[in-house]
Structures are given as C-alpha cells and as structure tokens.
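This is the structure I want to talk about, given as structure tokens.
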Amino acid sequence: MTRPADDLLATARQALIRVRHETPLVQCLTNQVVSNFTANVLLALGAAPAMVDIPEEAGPFAKAASGVLVNVGTPHAEQRAAMTEAVASAARAGTPWVLDPVAIGSLRVRTALAHRLAAQGPAVVRGNASEIIALAGTGGGGRGVDATDEVESAAAAAGTLARATGAVVAVSGPVDLLTDGERTVRVANGDPLLTRVTGGGCALGAVLAAFAPSAAPSPSPSPASDGDRLAAAVAAVTVYTVAAEVAAERSSGPGSFAAAFLDALYGLDEDTLDKRAAISWT
Amino acid sequence: MTRPADDLLATARQALIRVRHETPLVQCLTNQVVSNFTANVLLALGAAPAMVDIPEEAGPFAKAASGVLVNVGTPHAEQRAAMTEAVASAARAGTPWVLDPVAIGSLRVRTALAHRLAAQGPAVVRGNASEIIALAGTGGGGRGVDATDEVESAAAAAGTLARATGAVVAVSGPVDLLTDGERTVRVANGDPLLTRVTGGGCALGAVLAAFAPSAAPSPSPSPASDGDRLAAAVAAVTVYTVAAEVAAERSSGPGSFAAAFLDALYGLDEDTLDKRAAISWT
Amino acid sequence: MTRPADDLLATARQALIRVRHETPLVQCLTNQVVSNFTANVLLALGAAPAMVDIPEEAGPFAKAASGVLVNVGTPHAEQRAAMTEAVASAARAGTPWVLDPVAIGSLRVRTALAHRLAAQGPAVVRGNASEIIALAGTGGGGRGVDATDEVESAAAAAGTLARATGAVVAVSGPVDLLTDGERTVRVANGDPLLTRVTGGGCALGAVLAAFAPSAAPSPSPSPASDGDRLAAAVAAVTVYTVAAEVAAERSSGPGSFAAAFLDALYGLDEDTLDKRAAISWT
C-alpha cells in the first residue's frame, strides 16, 4: 500500500533551493570514467565539486567539505588510500558521506574496500540492486555497473544494509527505492536514457552528497522530520530523475540527452518538480 | 582493383543486431582522456562497458568479459600491470582482445609495452598509419595520436603485422584499411570531424572489442566466412564510420558532432547502413 | 585609466590563424576531471593535444612539444614525478610551459608542488584570484577551484608573482587580468556559463600553452612587440572568452553550452573576434 508524500515533495523543493543558495562543497573520490560528468552535474545543480582524491589532501579536505562521495568504480591504490583517509576524517568531523559500491560482488579489491568502508558510517549508500544485495551480503554480485537484479528484489537487502550501517540506502532502477531501515520511499521518475550515459548512476551519488547536508525542515509535522536524512536523499533522487524526464523529452539519443540533462538540472524549477515528482511512502 | 563486398555488408548488418541483442560486456583498459567517451560509445551502441583496470581485478574480469580493449594512451604503472594481467587471462580464456598502440614510436614506455603485448595474440590491432608502421617495426613513429603517415603507406606494414601477430589489423584514416594478412578490405566512410573529437579513434577500439565476439555468419558462401574476425572488424568500422557521417550532417562543429555521433550510433538502422556503407575488397 | 588595444587585437587575430595553420603540439599534464574537455578544446581550436604524463615519457616529449601545460588539479604521485621531469626538460629545451595552480592554498601536496614548479620559469601562470594570491604568497587560499577572491583584489599579487617568476600571470574571472609585471591588460569577454562547465578554467591553460609559441608579430610598432608573451596570452584569453560569448547565445544551460563552446572555438572567425573583443591596456 502506498500513500502520497507531499511532505517529501515539500522537502525536495526546499532542498533544491538550498543547494542553489548555499553552493555545498562536494568532495568526490570517484572513478575516472565519470569524474567529468559528475563534476558537471554538480555545477549544473549549483553545487561546487572538488575532486580531491590523493593521500594527505583527501583527509584534511573532508573536514571542510559539505559532503563527500566515495565511489569505488576505478579504485587505484593511491585513491584507495585517499578514500580511507577521507572517510576517517569525515567521520570525525561529522561530514556526511556517500558510498557507491560500483560493480562489487566478484571483483575482489573493490568488494573488500566497500565492505570495509560501509562499516564506517556512511550517510547514504547508493547502488543498483546487484550492488546493494552484494554489499548487504544477501546474494551474488553484478557483472558490472548494470543491474542484473531488479530493484524490488533488493528491497529486503536494502533494509538489512540500512539497519546494519545506519545509512539511508538508495537502490537505483526504473523505480528508485530508498529506505532508512524502517521507512521506505519509492520515486517513480527518470528515463531509460539515463542508463545509456556513463555516470548516470554514479553522478547521483554526488548529488546525494550535495543534498545530505541540506535537508530542509518540513513545513508541517510529518514522517519526514527536520534534518531527516531519508527526506534529503529522496530530494536528491527526485530532483535528479525529474530532470532526466525533462531532458528525455528534448533528446534524440544519449548524446543529446547528456547535454539536455545538464541543462535540465540547471533550469529545473519548482513547478516542474511539483508536477512531475512521483514520490510515495510504502 | 576493388570489388563490392555485399557479404561484408550483410555481416555488418547482422553484427549490429547481435551487439544490441546480446549486450556484450566490454572490458576497457584505456587512457584516462577518453574513458568517458569510450564508455558512452559502447552504451550508445547497446554494449556494456566495464572500465576494470587495476591489478587483481583486471585478470579475473577478462575471463568473463565478451571482449577486452587495451589502449596504451596513458599507461600509468598500475594500469600497465593490469594490462599484463588482463591480456594473459584473456589469452587463456579465449576472450578476444584489441590492442590500440596509441602514439607509440618514440615514447619508450608505451612502445615497449605495445610490442610486448602485440606478441600475445591480440584479435585486432587498431591504430593510425604511424602507429601501425611503428608497431610493425617498418618505420618511424608519429608525434602523438594524429597520423603523420597516410593510410595507404601503412598497407604493407599492416599486412606484415597481421601475419606476425595473427591479428586483424585496422588502420584508421579517411579510408580505413583492414587486413588479416591475406585479405584486405577498405571502408570509405567517416567524417573529418571524428578527428576533432578526442577518442574518435580510441573509442573505435572498444567497438572492435564489442564486435569481435559477435561476427555473424554470412548468409551465403563468401570470402567472409562464419566467425570471420576480419568481417567482424569490418562490421565495427563500418557501423562506426557510417554513424559519423550521419552525425556530421547534423552538426555545426566538434561539440555538437560528439553528441550527434552518440545519437547516431544509438539510432543507426539497417537501411542507413545499407545505403551508406562503402566497403570494398581489394 | 584604460585605452583600447588595437595592437593586441591584431596579435590575437594573427595568433588564431597561426594556431590553426601550424597545429601546435600541446603536451598536457592535467587533472583527470578535465583531460577530455581540455583535449577537445585544443582539437576544436586546431591544436594537437597529447596527454603524455608518465615518467620517462613526459620529459622527452616536452622537448619536442610546442607548449606544455602543467595543471595540479589531481596531482597523483606518478604524475607529480612526470611533471617534475617535463618542466625540467621544457626549461632545457626552451619549450614554453604554463602552470595552473588549481585549488592551492590549504591543500598541502599541490601547494608545495606549485610553489616548487613556479620557481622553474613558467611562461604563463593561470589561475583564479584565490590561486594567484596563494601562489604569490600574499594571502590565503581558495576552497576549491572557484574563486573566492575577486580578480581586481589579485592585481597586486599577480604583478608580484609575474616579477618573481618571469611569467605572464593570467587571472581568470568576469574580467580577466593579465600582466607581465610591468604592463597590465584586461579582457572583458566571457560568460558565466563557462564557470558551470568543469574545466572551463583549466582548458584555458592548455590554450595558453597552444598560443605561447605562436605570438604573431604586431603589424605596427606598439607596446605589444614581436614575440611578446603577454600579447600571446592575451590572444589566447580573448579567443577563448569570445568563443564563450558566442556559445552562450546558442545555449540553454551548461550542457548545451559545452558543446556550443567547442563549436564556437572551431568556427570562430576574425570578424567575430574583431567585433566582440574587449581588450584594454590599463
């Protein structure tokens, strides 16, 4: 049974305004394939990306950052050391950080790394169904970054993972599922073209990091309470996937879509968000 | 003397359908400059890119991958180790792999690396004329990634290299030349704008890896026999360069061309391929 | 007091023609986030990018290159070693090289690196106001790549830095300021969308390296003398920021802007440069 989520929509609207107004500084330790697109997504949204991912810099920077993204997609040795440093520093400083366990499962280096990091208090874990199941330890892994499991089949694993780590877990797919281990929200926005652009999932991790410190107070008493991390994550996913819908209508393939998506994030207004958002409590 | 190559065109048509249907998993160990564009080209085409390029992961992954690309454009030490591992593993598992000897000649690290790898059984070697001549050991190197030699001047070197390595050799240029050391094919498609987008050549290496396991049986007895690696490589080059022609007609420069090219790969239909393909046996 | 700079505009016009005609080979040791965009900017302009940034290759290549860019945005250990090698080699060979001290100030690795490199004779130093102030040692650092200081507040630091290093110093912002320590030029072109595309500043560093060896003789006696490095840097900045203006008029956000910017660099003609250039001696 689902019910509408006007409270979450209100939070999303305010969170978008806040990000644009406060320009959160988002430190990204992410994979080389998507670093450019990720930075451009953050810039389009009004956040300030900083790809600081070497030892001796990553730790100190994580103290000052508004949010941190750790994406294990191309985890070279030096970057792994920087990730360890950044996560420890973020934990000490209270900086919210997002873990994206890209393609974990059978790939041993990143799988071990992601498990170790997941135990250190991420604010959000974002992945596709295969990755979330692999990180929760409740099933096999994927064959890369595309989801071979369906989102709904990962619902139980997401709940388990959220309770075990204290993180909000966001499972990406045609309908995104988000849970804090007790409450579950679904966001039915987006477009398949987002899966035809590399970084379509990874850049969402950065947006989650941008929104994490920006959860707006709800305008009225609601299940989405002040400073609610689940609501902040839902805001990020909704803004991101609504922009994808807008972009898809102006595209004729993945190349024009990628450009239109950045334009849509840049120009997204509250009316469009209101009209299109398909958020529901379950 | 040239003659038309309806058999190769038929293979190209079927190979395109196959790639879209089977979503080959293409592992890319490629240079940092073009990893994003390369992944986007594969996604646009319907293949699944996986940029797995660190030691301990690259080897195991190459066993499961449909095809592997090894591009030496920015060969950092850790990636060189991963390349060695991936190639050994691909060779053992029978995974076809493509070598792109970017800018070899006078640059010593990559030149030594490419020569060493070339001896380990690539399915395809792709490069511009300068690079193919340098790898064949029959002349000097280029000054970077742009071809200072003409394609036709590399024809003999390409044949020598194909016979020495057992690979299909694809020389990129205004008219692409492909040879397995006995037979030679020319593909007269493409557009100069492809040389104004970084990765315009490199991403073709990934497409060759996507098509390598997908060579479709020819519909009738022909020089392009079942599972023919030359025919598969010709298919990849033809699809790629025909899409470039379509994109160029919709572009006003290299920026709009890059987006239109991804759109064209995504939307390429068999009729367009039939009408535009300019393949000939020599 | 400012006065028009017809001499500098004439130089810019000729320098653009020269770059297109001579295809300078620009070696980039730059950050991973912007390497793709940087290469595409150089290609759009008619230059030849070469991202040669590993030890044993970077040094020899810098001898043959027309210009070198050293950008410390993601200074991994191996790349730092290559930068040291490239700069030493460029200095010996007389190859002009550009230093971009991205986000220096409080980040210790890059800050130490940039200070060390700055002492080795860069032809140009390019940064935002915060970075130039930090490198000159006359104030604090920024919080990333966005300028927290205004350009004009960095004018004195830019002069100090130019005199200390012998470099032309280019401070990027709404109005760019360039100085060789004695003379100062302002270029009032550009568009805010350039700050919404990652690499919008970094790629200018590569363009400065492309123009450094191409300073055209002035057509008449003027403060911009033959082979004048200040005039060459002004040419690069003017071409770059005028193209941004043209692109902004054809864009609906940062995604379409990035593509239109590459198109505009590719298609920029002398008339447009003449009509739009807003260069002034101060």
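A, B and C are the chain letters, set down in written order, and residue numbers restart from 1 in every chain.
Everything that follows uses one rule, which is that a contact is a pair of C-beta atoms (placed from the backbone, for glycine too) under 8 Å apart; a residue touches a chain by one contact, two chains touch by 3 or more.
Keep in mind it's a predicted model, so treat the numbers as computed, not measured.
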Angular offset of chain A relative to chain B [C-alpha, multiple of 5 degrees]: 120
Type of chain B:chain C copy interface by residue overlap (half), same or different: different
Length of the line joining the C-alpha centres of chain B and chain C, rounded to whole Å: 34
Residues of chain B whose C-beta touches two or more other chains: 32, 36, 258-259
Chain A residues touching chain C - in the complex, by the definition given at the top: 25, 32, 35-36, 39-40, 43-44, 48-54, 56-57, 60-61, 64, 78, 258-267
Complex contact set, residues of chain C against chain A: 31-34, 36-37, 73-77, 103, 106-110, 143-146, 195-199, 251-256, 258-259
